[in-house]
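Each in structure tokens, the structures are laid out below.
In the two complexes that follow, subunit A is the common piece, with subunit B as its partner first and subunit C second.
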Partner chain A sequence: MMNISVQNLNMTYPTGKIALRDISLDIKSPNLIGLLGPNGAGKSTFMNLLTAGLLPTGGSILLDGEPLVHKEKKLKSKLGYLPQSFGLYDELTVWQFLDYMAALKGIRDNKKDIERVIQETNLKDKRKARIRTLSGGQRQRVGIAQALLGNPELLIFDEPTVGLDPEERISFRNLFSKNAQDKIVLLSTHIIEDVQSVCNRLIAINHGKILFDGTPEQLILSAQGHVGLLENQQEEQGFKVTARVNTANGVHYRIVAKQLPFGAQVVEPTLEDAYMYLIGKEGDKQ
Partner chain B sequence: MKLFKYELRRNLCNKFFVGLLIITFLYSYQVMGGEIVLGTANTAPFSLWSFGMYLSRMLPILLITLLFFVSFLYSRQEQEVRRITETTPMDQKQLGLLRCCAIMVGFVCISVVSVGVSLWFYAVNFRYTDFSHFLLPVLLTLIPAMLFFLGIGVIIGKIHPAFIYMLMPLVFLLGYLPMPNALDLFGSSFFQKMPLSLPMGAGGEPAFTVPFSVWIGKTMYAAIGVFLIIWGVTCKSDKTQQTHKVKPGTSI
Partner chain C sequence: MSFFSYIKVETSRIFQSKSTWLVMVLTLLCPLIGYSVHQTAVTATTASFVLANPVLAGGLGGGILFALLALYEFDRVYKYHTDALTESITSPLLLGGAKLISLLAAALVTTVAASVLYLPYTVYRMGVVFNFLEYLDCFFILMLPSLWLSILATTAFYQMIRRVDLSFVLFAVFTFFSLSPWAESEYILRWINPLVPGLSDDFSNGIIFRTAVYNRLFWLSILSGIWFLGLLCVRNYRKGLFGSFTHNVRKAYLLELSIAFLCFGVYLYHAEPYIDHSPAKIYGSGVGGTQTIVAMDSPYAEENSNLTLVSTQLETDIEASRSRLKSTAVYQLKNSSGKPQECILQINPGYTIDHITANGEAVSFTDKKNDHEHMKDIAVSLPSEEEIRLEVRYEGYPKIWSETRRHLSGHKIEKDYVELGGIHLRPVINASDEGAGVTGEITLPSELELISSGKTAQVIQVNTDGTKTWRIDDPSGSASLFAGNYVKKELSGSVAPIYFYYSQKHENKMEKLEIEQILENTITYCTNQFGPLGYTEVEPFSILETAGHMFGGGSSGNLNIMDESHFSEDGFINFHSGATIADSISTEIIQTWWLQGAMVMDAENSDWTNGGLSVYAAYRMAKEMYGEGYAIENHVKEWEKAWSNMNRNFYVRHPEYANILPEKYIADLQVEFSTIRTHAGMALKVYKAAQLIGEDKMDAVLTELYQNGGTEHPPFITWHDFLNACGLKEEELNIDEAI
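Let's turn to the complex of A and B:
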């Protein structure tokens, strides 16, 4: 069992940019957490802090009750991390790169483990291929494979499905879900579909602040009565169009708003609607 | 051991190394056949003085290979891979030292080619095969220069990777710069002028002797190099100063 406690976390870069403001939350295993937020919301900074790649300018992160700054080695021995952008050694084959990473992770029975992650990430055909010959999606799969090496207790994936085709995305969602049965999986994305079906907890973040922390159902519930259909688009005032659908009866607009305009037909919100509503609400406040 | 094998493989199995290997081979042959075959300072071509002179002529190209290896530590690819490797439990200082060891072994590999060409040249042209004495000029010339430039490369690469490439032409210039014996890292002045100041020995040429000041100078270069390597590898980058994007040359 792993327990991560984040207390009043703040991060301001030397440039003066405030990336995180007063973040507090607890993460316990098993858990599959979706970290949602628009680009530049602070997700990657948060993940960098969780992986001890950055030191916070305020607050603390506790790993099993002890400050992370003193337990960096312990964290790293239990961590599998896929950063948003990363490089691979192009001159090595897929198998060699994973062998290299397994050696860095200090994995003893590495052959079995490499075979397992190759199987799980569907790289069997590419195991002997040089990394420079791989497509973007295949490179992403190698990145995911190295994170899975050693069956770590904490898996952090920053935008893991970028570059993957729809079939692969579904397969990886299921893989993350399977892994979350006995560990913590933290999945950062701005693609709602990726977290909709698998995450049991969602954390929405924007402008460095937590806007929402709860289950997907709770997020959907928060948008009830704020999502509607409009048959003819009015001047876009006080609402946000989330979809434009061409039908036989003309164009229908799916909208989210704090107060739906006159004539809008209230519909059941989806997770995407709820997320748009949440982000829009935050935008209105600012 | 496995990590070391991969680091060495990454140094040796690339187009830069293959290209420099070919250039080293051809240049070695040219220096032996064009300059060393005449002997240095009125000594035989296979005297330790001539052999030392040969090594000092070869040093710039060997050191450029070394600096290429160092540049790999700060390459864009390396910076991007580091985003993953730095989240592993492997001690980054240990990994840095391991990489420096792999660079040194890479340097030894290319030096073996250069020395091999000279030994082959001696054996074929002069039927001279008593190579056991050659170890002293090899150690005296190659080791301090390797350590010194590895240390310099590690430090300047940390400041900015482009400085490593700027150092490369300087290495060539330094090889031809006249220096006092004690400071002559490349040894060209020492191997050319020292025999002329010595009395003739039993073999009709001055015996190979290395003055104490030269030993001190070489030891100082080696010690500075080791200090810079350790400093470069172990000094921590301030994590609070980092941004999303990994800056080039933050650490190795």
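Let's turn to the complex of A and C:
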């Protein structure tokens, strides 16, 4: 069982940019957490702090009750991490690269483990291929595979489904879900579909602050009565169009708003509607 | 995971990289440059030609290539964001360390491969003079550390500034420093191109390797210190240089290691043990700059004016394997002052005085540590008695003088070669003497043959510890000693026997050349032509081969020394020596005849020396023994070729351009051209004179001059004496017209 406690976490870059403001939350295993937020919201900074790639400028992160700064080695021994942007050793084959990463992780009997992650990430055909010959999606799969090596207790994926085709995305969602049965999986994304069906907890961040921390159902519930359909395009005032739907009766517009405009037909919100509503609401405050 | 596991992982990865293999293959090719272009060691010996220069080229080229590889490997993790994955697993500091060691391992593997690759050719070319241990020393002391130091330097710079371009510029500056004139003579500073003036084929190169090891230790220490400092600068937590340093320095042991290595390096620099840094006295200036005169013996010390040296007796144990000696020198002195006085002993600064007694009583002494002209003064308080038996116990090894440090030449004790004399063997008392000779008992490893100036050294005892004790006796007091694995040949043909000593490595070759017969023929020819040399059976004339580090030859008392280049096909210069090694040695003997028996000099014509006359005499002897065709083909035509080549040289035709050459190159050219003028050029003039007056008459002229000396400035034989004796004018001997 792993327990991560984040207390009043602040992060300001030397340039003066404030990335995180006073974040507090607890994460316990098992858990599959979706971290949502627009680009530049502070998701990657948060993940970097959780993986000890950055030191916070304020607050603390406790790993099983002890400050992370003193338990870095312990964290790294239990961590599988896929950063948003990463490089691989192009001259190695997929198998050699995973062997290298497994060896860095100190995994004994790494052959079995490598076979397992190759299987799970559908890289069986590419195991002997040089990394330089792989497509973007295949490289992403190698990145995910290396994170899964050693069956770590904490898996952190930063935009893991970028570059994957729809079929692969579904397959990986299921893989994350399966892994989350006995560990913590933290999934950062701005693709709502990725988290909708699998995450049991969502954390939405914007401008370095937590806007929401709860279940997907709670997020959907928070948008009840704020999502509607408009038959005709109106001047966009006080609402945000989330989709343009072609129907037999013409084009319908799906909108979210604090107060739906006159004539809008209230509909059941989706997770994406709820997220848009949440972000939009925050935008209005700003 | 342990650090060693990281090393294993990283090493395995490095060896899967094509870049690594490319660098390794190119490094393997670098020694080829040493066979032709990059020839820093004097190629007078086969070892210099096929071993030293290729290995030095391998070190230089490989060093640069591995620096590039190291930069590529250290930078790529950041350039391609591989660090984003690896640093989530382990510390970048640990990975940096593992990466460094894996690169060092690649360099090691490359050097091993190079040593295997070049072994067959080296063995083939060197033949009997090949020494496997020295072969390994060359690759693993001279080449490998150059690669290691390059890797250490570039990665240290990169860790600090995190810029590939700037790191390489810094590395280039650092390399240039090693190759620059500022470091040229300082063995300790030349990190990428260790100082190897030349490698001996026949004798130990111990001093070359000892200084190289010290150099490597010094730089490994300094660069390790800088590297650990660089490690503290490794960027962490996306902080900048100072932020990362502040965080990393919490690992106090890294800072401690850095400081410890740097301090050790500074200590090594200051405790440098091989060079005596005392300056030379500048006596005058010559063309092209100040001329430094090497003063081997100091003027009489004033303090010793009331002393007379009666005799010197040595009991010396030469520990050749440790390159040092322990000795006791006993001096019989007469103190004419009638009161206590201070006596100054002078000795090579590499020795320490342990104990001094006078007439059995310990006396106080002071090591003045006032190194001057390759010696230091020891002040001893002498009692007032008239007869004093002064016993000095000392030990150490001869240091190389700063004036000859560029060539690492001078007196030495090596495991298979000893060369000692004067203040480099014993403390010297510069006092008036009554023909005080030096006698002594010298203990040496039994495989070494001792050759001493004065009377022939005799074995007086074979010891149970694998040593022999020799008795030496040099009435002249110079006591020059040489020892090595020599073959000793007694040559007849003169009034007294002449001994010829050469390295055992050449025994088969010399026998095939029938060297004994050739030398005896030479001696007979010289004796008949010029008369016998003035040596006796008790103090015979000896000709011996010395280490190549001597650069040339000379004489010391009744010893005539020839450096080993005369015995090597690669060092053989045939323009003044004939066609074969045997001819070369014969010419040296003839030159000795002219050196010992006549004084050939002309203040107005510096080309007129015994060199040209010896070369001509060698031709005459060859003609007598092998016929005119052989003599002209292998002697005269070679002189003409050398003379013609010199005159075709660009700098001879356009001397105005020579002025823009570096001083070193001007000096090298001057030496080369001077040798051609004094030997080939002057031999051609004598040859032309012989054609004009007839060879028989020329023989008579030379015999007359040799036996009776010149008349212009007796006893010197001047150029005009020669012209007058031939009845010729200078313009008649214009050799440029003849060629």
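As a convention for this text, the second predicted complex is superposed on the first by the 286 of 286 C-alpha atoms of A that agree within 3 Å, B and C clash if a C-alpha of one lies under 4 Å from a C-alpha of the other, contacts with A are read in each partner's own complex, and residues count from 1 in each chain.
The definition used in the following text is that contacts are C-beta pairs under 8 Å (C-beta built on N, C-alpha and C of every residue); 3 or more make two chains touch, one makes a residue touch a chain.
A quick note: this is a predicted structure, and the numbers were derived from the prediction, not measured.
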Three-chain arrangement built on subunit A, subunit B and subunit C clash or fit: clash
Subunit B versus subunit C as contact partner of A:R127, first or second or both or neither: neither
Partner chain(s) touched by A:T15 [first = subunit B, second = subunit C, both, neither]: first
Partner chain in contact with A:Y81 - subunit B first, subunit C second, else both or neither: both
Touching partner for A:K240 - first (subunit B), second (subunit C), both, neither: neither
Of subunit B and subunit C, the chain that contacts the larger number of subunit A residues: B
Which of subunit B and subunit C A:H190 touches, first, second, both or neither: neither
First (subunit B), second (subunit C), both or neither touched by A:S44: first
Partner chain(s) touched by A:K105 [first = subunit B, second = subunit C, both, neither]: both
Subunit B clash site on subunit C (candidates 327-335, 543-551, 597-605 or 687-695): 543-551
Intersection of subunit A interface sets (partners subunit B, subunit C): 14, 48, 51-55, 76, 79, 81, 83, 85-92, 96, 100-101, 103-106, 143, 146
Subunit C-touching residues of subunit A, taken from the complex the two chains share: 14, 48, 51-55, 72, 76, 79, 81, 83, 85-92, 96, 100-101, 103-106, 143, 146
For the subunit A and subunit B complex, residues of the former touching the latter: 13-15, 44-45, 48, 51-55, 57, 73, 76-77, 79, 81-83, 85-92, 96, 99-101, 103-106, 143, 146
Of subunit C, residues touching subunit A in the complex: 1, 5-6, 8-9, 12-13, 16-19, 76-77, 79-82, 84-91, 237-240, 243, 247
Touching residues (chain side subunit B, partner subunit A) in the complex: 2-3, 6, 10, 13-14, 76-81, 83-90, 95, 239-244
